[in-house]
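Have a look at this one before I ask anything.
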Amino acid sequence: MSFMARADGRSPDQLRPVTITRGWLAHAEGSVLVEFGGTRVLCAASVQDSVPRWRRGSGQGWVTAEYAMLPRATNTRNDRESVRGRIGGRTHEISRLIGRSLRACVDYKVLGENSIVIDCDVLQADGGTRTAAITGAYVALADAVRWMRERKMCNGDPLVDSVAAVSVGVVGSTPLLDLCYTEDVAAETDMNVVMTGSGEFVEVQGTAEGKPFNRGALDELLDLGVAGCAELTRLQREALA
Amino acid sequence: MSFMARADGRSPDQLRPVTITRGWLAHAEGSVLVEFGGTRVLCAASVQDSVPRWRRGSGQGWVTAEYAMLPRATNTRNDRESVRGRIGGRTHEISRLIGRSLRACVDYKVLGENSIVIDCDVLQADGGTRTAAITGAYVALADAVRWMRERKMCNGDPLVDSVAAVSVGVVGSTPLLDLCYTEDVAAETDMNVVMTGSGEFVEVQGTAEGKPFNRGALDELLDLGVAGCAELTRLQREALA
Amino acid sequence: MSFMARADGRSPDQLRPVTITRGWLAHAEGSVLVEFGGTRVLCAASVQDSVPRWRRGSGQGWVTAEYAMLPRATNTRNDRESVRGRIGGRTHEISRLIGRSLRACVDYKVLGENSIVIDCDVLQADGGTRTAAITGAYVALADAVRWMRERKMCNGDPLVDSVAAVSVGVVGSTPLLDLCYTEDVAAETDMNVVMTGSGEFVEVQGTAEGKPFNRGALDELLDLGVAGCAELTRLQREALA
Amino acid sequence: MSFMARADGRSPDQLRPVTITRGWLAHAEGSVLVEFGGTRVLCAASVQDSVPRWRRGSGQGWVTAEYAMLPRATNTRNDRESVRGRIGGRTHEISRLIGRSLRACVDYKVLGENSIVIDCDVLQADGGTRTAAITGAYVALADAVRWMRERKMCNGDPLVDSVAAVSVGVVGSTPLLDLCYTEDVAAETDMNVVMTGSGEFVEVQGTAEGKPFNRGALDELLDLGVAGCAELTRLQREALA
Amino acid sequence: MSFMARADGRSPDQLRPVTITRGWLAHAEGSVLVEFGGTRVLCAASVQDSVPRWRRGSGQGWVTAEYAMLPRATNTRNDRESVRGRIGGRTHEISRLIGRSLRACVDYKVLGENSIVIDCDVLQADGGTRTAAITGAYVALADAVRWMRERKMCNGDPLVDSVAAVSVGVVGSTPLLDLCYTEDVAAETDMNVVMTGSGEFVEVQGTAEGKPFNRGALDELLDLGVAGCAELTRLQREALA
Amino acid sequence: MSFMARADGRSPDQLRPVTITRGWLAHAEGSVLVEFGGTRVLCAASVQDSVPRWRRGSGQGWVTAEYAMLPRATNTRNDRESVRGRIGGRTHEISRLIGRSLRACVDYKVLGENSIVIDCDVLQADGGTRTAAITGAYVALADAVRWMRERKMCNGDPLVDSVAAVSVGVVGSTPLLDLCYTEDVAAETDMNVVMTGSGEFVEVQGTAEGKPFNRGALDELLDLGVAGCAELTRLQREALA
């Protein structure tokens, strides 16, 4: 084969070992510790029987997310955003992505005037933290919804589908699935693919890192992403079974 | 035809009238007022003969961008981010996108240890502010580079290509090019495509608004975006001639 | 003559070319691009059918203003106040001055419980940005008031007079009207005069830059300012005709 | 006489009782508790043997001031600016005014590369806090300069003059000197006059509160201000003797 | 005796001269200038006929405190927290301690739905600012309560006891009462003791500075603190008589 | 016995089950997941070969700590301090306590000009988070020191002792060791005791919650705390063996 072997011996289209541990926290209505290899994200879903001001009286609910990273999740320590007094652009961007992704599978009318906030805190980072966060957050959301349904807080199932996400990228001319940190740093092109369990796209974000990419590379990356999301959907279903 | 007529009578694959006015500001090394229909963005390129701390001694330059919107660029007034004391997530996200896009066409070694900051201030908003900003910012950047070359600040041309961007989206099942505000609000899927003048992708960001999209829709949107960027590249060349 | 010629050939008591362009923005209820020579300020008036909390139930309205400068309005780039996370003292001071000046010509009872916010954004700076802002803001305010009267939002005309402003200063012992940036920097004394259309003072702010001034100089500067404001009032009336 | 009697029985051109207590603090190089009637401001001058970055290597010094008010200096409690996380426009404006006023009497070259910061903290407010602050701050500055000269930190006397300030205003058509709070609130026109000991103007700030004023009123207010500053200059000299 | 003489000649178990001046401010419902030697704290109690949101409808009141230091209270100047845009950890910690201490002697039900805020501003610092603040704040609180009772704002006396505080510490192996700044800096162990007038503990905070302490030292320090608080309680009663 | 049974059946002088898991993170030089019953704190020690500015050139090192809580560590969700833009008083206070406690066992000269930052993030809270954090942080610190010694970054062992902490309190008149959340809320008196492995006090913080306490209660609480810290010291040693 023409591609360089991956550091952990995976084939180009192989996910890292994925673990989805439900109920990791005692207090949250839904909680998941999700691991994509060395990436470890704690997802906590909090149910509130109210909605933001702009939503009141609409009869509809809301789902939002916040992403953050512990200072020593990474190889060198990062200052806390609370200490710096402001949230960085990357954090903002990822929080918004996770929220949008989850909202793609929610029927707000069925949810009723309730909110669910999903906190995704990266305890350890090794690439793909945002895609692991989305994949885990969906499971935490599903558990929070079960909790609500047991308490008759919503009329039916507000989840119309599931959502999973994976990163793909071109490293040394080879398209790879689920990049770890060293691959991510070396990637010429980096893409995050968010899909529903029924195989449609929620979000596609491809970025040239260093050099632009053509339509052929884009298509190859999408193929890898589609397959990866399908596998993650299967693992989510297994975890929730 | 099966699609609803566009409010301004355009065909689905037609750009709004685009105007690129160079030299709009007296002080900036490069400046452009770019208009995509009713969207009006002032792009100012500032040259500095220094680089950020992390870049010093590398012999390489840096290009970055900041995006903002005047309070009454929009239909109703928005509070100033300076008054609120913090930059919102959307602003952060777009500033980062513009910076990344421009950096895709820069050779940092040729630029030398100099920085160029491109300020993109939306004076009036009618959809597609980020893509207009990228398209105009490239022209301001090109003018700033000319200014530098006249002063022998860099060894050759640091611009290895050009960059342009356009929004595309699916409205009422019809893929449309260059959405205006009312179309953007109604879009089921929204995508921003950033491309080089030589026809390669720098950034592809597709988002399901309301309902997920399939591979076919994605391909149609990419086709529209590719054609739109090619036309914008032509207009940039014309403006710079 | 004993005074040094002005850089642009003006006589000491001459204004720079003044342009007042109404309706520069599509969305604002009143908008003006005002130019005093190279100084260019975009003034946007926003009408709101509510008043600040402390004013509620009073049957009276409120008028306020916010001043800001784009990063590259000036010769070298300034960091954004939104990025620094706080508004500087100069910005605060000028915003307050513009608001006070405009309020001098408003009858709050006639305005009813409505607010008008005037955003004055300096697109390009060449001295006298605050006086240009006041002069333009009045015209934007007058347009916003027309818009309200067409919609019967107020009982009669809440504008009891007009307001205009100009800078004056002593440069090289000569009193000059309407200083441009290089004159402003060289001025020994600097004064801003805000007057009503009927020729009374709203605000007089004289500052010794470098050396104190005596009553004679103060009187000469006031004479120049009175004449300058009268001419600006004439231009405002012309623009609004 | 046609004017209404003042609440405290003063004649229109009479100052409130003024007290200037030097050496009120143990640590500061100069410190003064200044009282204008019920207004009580603590002025502390701090000497530093360095200058701000932009001043380094110039051989010249710098003088600056910071104004603030204790939360319960006023009739009702105000939130702390430190708690709100930002300095208000009024505070900024007054700090800048005090700094500019003091700098009018300083020869930076004689001062050498040293800084003096004057902190003016209002312990109790009853109108005229900014003018009391300037008047007291000058005395604290003079004491700090003495302290420096005893230590041979500057070559000669960097103070080329003295500075004092007073408020004047029109209340019920009568021009009054040194307004207390209730007069300040009722004033139609309000003016602050800052003058050197040799009788020249450093700053004149006149503001119409409610209704504009004509040249005659302006002249009367200036006359009152000139006399008031002369008397304050006499009291400063007495205190420093 | 084996201990080193104290700089000011005090015996180890002797307080510095304590002065409690009531009614130092004209506007506050209760105000005290408290002095422990060179430490001088202005305590102002503000009564509000409302309570924080979380307390509304409970029929119960609230007491809170804010501590701050003027920039030149200390030997070298400190930047203002308002200028830095955030409150430091030490300030937060001391504000919380003062509030908790005062609340220990308040019956909220008798206070009714009213709030008292005690502002403790250090005008001059020479060690023990937090204990002086608590001791003075209680007296200001007592005066504010009198003011309320005269106006029938509460049903009876909401003060069930009094509160006083003192610092103790081990310096050069000798336990000392009421440390001044130079002793505080040299202390191996530092303790703040807050007690009620009836001799019970409200707060005990002992900290090893440099080297840990044993139970014997802890007991000796508590003995000193108990005696010091008893003496301060006597002085508070005298001041309030 | 006269005391109420504890919810989890513990005797009054019994710790909750304590778990100390070393090496929980891949990147940090030392890391521990410490559990006191349902309280779970992740402690990460980061080594830096530099010291804060004020420490440079001293030849001595520095140890500091930051404490924070995940939004859903508690029963109901708390807003993030990064989102609010400021750190709360409680967080500041605990961060400072942890830092001071750890510094009590460090010889800065042996540490050399290196820093260790210990991040203590509460993943789940059930009372005693600060004492669990100190106890775990010491173990993470010890591991970071081992890592440094293996790399010869310090000359010998900079740890002169160990540090552990426990909470004690009076609930329903009974002194209890290691309060869980429901006990903490019900406590009349609450105390945190920090001790060295050799049995001396580093910090004692006792607070009356609701009603003051006498010397007898203080002594009983200290006895419990001394025994609890001894047991925690034993568990730390076991974990590090």
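For reference, chains read A, B, C, D, E and F in written order, and residue numbers begin at 1 within each chain.
One rule holds in what follows: a residue touches a chain if its C-beta (ideal position, glycine included) is under 8 Å from a C-beta of that chain, and two chains touch if they have at least 3 such contacts.
The UniProt protein names, listed by chain, are A, B, C, D, E, F = Ribonuclease PH.
Just so it is clear, the structure is predicted and the values come from calculations on it, not from any experiment.
Trainee: Quickly list, by label, the chains bordering both chain C and chain F.
Mentor: Neighbours common to chain C and chain F are absent.
Trainee: Based on mean C-alpha positions, I'd like to know which chain lies farthest from chain E.
Mentor: Between chain E and the rest, the longest centre separation is with B.
Trainee: What's the rotation, in steps of 5°, that superposes chain C's Cα atoms on chain E?
Mentor: 120
Trainee: State, to the nearest whole Å, the distance from the C-alpha centre of chain B to the C-alpha centre of chain C.
Mentor: Chain B and chain C have C-alpha centres separated by 33 Å.
Trainee: Report, in whole Å, the distance between the mean C-alpha point of chain A and the mean C-alpha point of chain D.
Mentor: Chain A and chain D have C-alpha centres separated by 59 Å.
Trainee: Roughly how far is chain B from chain F, centre to centre by C-alpha average, rounded to an integer in Å?
Mentor: 51
Trainee: Tell me, which residues of chain E touch at least two other chains?
Mentor: 85-87
Trainee: Drawing the touching chains as a network, do you get a line, a ring, a star, a complete graph or other?
Mentor: Graph shape, chains as nodes and touching pairs as edges: a ring.
Trainee: If the ring is traversed from chain E in the direction of chain F, what sequence of chains comes out?
Mentor: E, F, A, B, C, D
Trainee: Under the definition above, what is the set of chain D residues touching chain E in their complex?
Mentor: So the residues of chain D in touch with chain E come to 25-28, 31, 38, 42, 44, 46, 48, 66, 68, 70-77, 80-83, 85-87, 91, 117, 119, 121, 123-124, 126.
Trainee: Where on chain F is chain E touching in the complex?
Mentor: For chain F paired with chain E, touching residues are 86-90, 92-93, 95-96, 100, 104, 161, 191, 195-196, 198-208, 211-215, 218, 222, 226.
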